[in-house]
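Just so it is clear, A, B, C, D, E and F label the chains in written order, and each chain counts residues from 1 on its own.
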């Protein structure tokens, strides 16, 4: 399976299992997560770039992949993605570089996932 | 090999190798780690839940697995584990969700590890 | 003003101001925060100890103060608090010690706040 | 002195002292910091919102203040700021709330700094 | 009181109070902390520089102050301190800059503390 | 392929791809990274030990591997590496232990990579 589909399938399978546990707090966190990234005073597109930048400085590969997937769906350009990557690596430091590598690889995967 | 045994074997093999290095400070840290989680004014069971919660907010998959293993041995229920997961995801934010996925999967592995 | 009242008043004043902004996501996060720490499969008392431990390893002085205040209200003993402090400093490392100092000071403030 | 001026003066004084040390690496980091936030494929305005979001999830009060100051200069609205605050508190969790309080207070300081 | 003495006195007062609590785990952590920074295969002087670098990237002002104090006692030069500062700001990113400001100020305090 | 070569090849391949994007900020960060670890008031050897210690407390496996590789090239002894590991685990806490396991394994890989 290609890396994008593998990521999305595992994510969906585990989300289903987590929500099946019926823990009210977790359900509400998942619900908030969906609502928070919708169009508002800040456009959804910009919010996904925030999500990407925050995921990078907090150094979470799965979160980087998820937001890259959303950025791809929303049509962000390579130049925009690279500027987000650059800012995140400047703010978060060289400790973020391994996530820049994985993020760059996954962005290519997304573009090749036809 | 099932994921629980694979985790435990790698952990044991590397711990043995680390302790063989005879670094006094590291030996004492390992020793403290064992002592700190024993029964006290706070029950061992509660301490393992702390270990799990702290591992989640600090986003360390191996630490989450280790404490889930101990929680399983000590007989914690699904409801208790889910409440710890919920609190950790609330305190630590949605950046913790990928660890919730891995933790949920490993908790299932523990229950199926017969 | 004593440090406990100063902390609580600033916290309340700013919470009021934040909620007055009418941002739906923030309101729901505050609401979840209240609900998550209520009695459940895990007792409220234990949850506050989790909150304290997580706040220490994440090194947030204001969060440590808040959860110490709740622990005090719920009647936790010095021994229990010290065991939470010890675990947090072991898990989080010596980088947590400055927060152990502030936490110890604030726990004394709470006991002297008559 | 009002809090905004106090923050800016301390920041400027220490930056001058740091740059006077003539450490080449530090000079270049400061230089990069200035360049990275200029207009590009991503607008400067959006970049400052990234800076704010990243500063919040990484829980750095001084960084939050700095980017709030830039956001204020660039004319961001209360609604935009609140949406950035909301996303950062969702991604970073309730551990970020103390920084939401300080950030909200400083945003008011900026608006009242006439 | 000058900032160096104020820092040291508060630190000593709280350490005494913490150790008086007689929590065995905490006592041993404090003890390890003293032992770990003594002369070994790595010189004590280098270890203090590690302590400083780690404190900066982990963004703990009190820890930065403590290790700067030790570095000052051990006779480190301005150039050495600036190179540690530079590396820490590169590895940890611009989010570390506020700690570079406080660290630079405190290093001056140490040199002027006659 | 052995783990050392696999790590180095992936790293090189992705670095080439990242630099090919021609983002000026990222190029300069990579350039700074090379310059910062050269001989200065602090020896290159000591700087690599800093890099290792910081990578451990910040819990980045790829960064730990990279700096272990450089430490190996520069001829650091097992005793020196173990003292860096010990300090990092003390400062960063037991949450760092999984990285101590991976680091110990990779150090063996480096020594066996003939």
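Simple rule for what comes next: a residue touches a chain if its C-beta (ideal position, glycine included) is under 8 Å from a C-beta of that chain, and two chains touch if they have at least 3 such contacts.
Since this is a predicted model, take the numbers as computed values, not measurements.
Peer 1: Quickly list, by label, the chains bordering both chain A and chain E.
Peer 2: Touching chain A and chain E alike, sorted by label: B, C, D, F.
Peer 1: Can we say the copies chain A and chain F touch using the same residue numbers, with more than half in common, or are the two sides different?
Peer 2: Different: when the shared numbers are divided by all numbers used, the fraction is under half.
Peer 1: Only C-alpha atoms count here: how many degrees separate chain B from chain F in terms of the superposing rotation, rounded to the nearest 5?
Peer 2: Rotating chain B by 120 degrees superposes it on chain F.
Peer 1: Averaged over CA atoms, how far is the centre of chain A from the centre of chain D? Could you give it in whole Å?
Peer 2: 23
Peer 1: From the mean C-alpha coordinate of chain C to that of chain E, what's the distance rounded to whole Å?
Peer 2: Here the centre of chain E sits 26 Å away from the centre of chain C.
Peer 1: Measuring centre to centre with CA averages, how many angstrom lie between chain B and chain D?
Peer 2: The answer is 37 Å.
Peer 1: Mind pulling the chain A residues that touch 2 or more other chains?
Peer 2: Answer for chain A, listing residues that touch two or more other chains: 25, 29, 32-33, 36, 54-55, 57-58, 82-83, 86-87, 89-92, 94-95.
Peer 1: Testing understanding: with touching defined as stated, what is the shape of the graph linking the protein chains, line, ring, star, complete or other?
Peer 2: The chain contacts form a complete graph, every chain touching every other.
Peer 1: Would you tell me which residues of chain A are touching chain D in their complex?
Peer 2: For this pair, the touching residues of chain A are 32-33, 36-37, 40-42, 46-47, 49-51, 53-55, 57-58, 77, 79-80, 82-84, 86-88, 90-92.
Peer 1: Once bound in the complex, which stretches of chain E touch chain C?
Peer 2: That would be residues 10-11, 14-15, 17-18, 21, 23, 25-26, 29, 33, 54-55, 58, 60-63 of chain E.
Peer 1: Please output the residues of chain D touching chain B within their complex, sorted ascending.
Peer 2: 57, 89-96
Peer 1: Inside the complex, what are the residues of chain A that reach chain C?
Peer 2: 24-25, 28-29, 32, 35-36
Peer 1: Looking at the complex, which residues from chain E come into contact with chain D?
Peer 2: Counting only chain E, the residues touching chain D are 59, 78, 82-83, 85-87, 89-90, 94-95, 97-98, 100-101, 104-105, 108.
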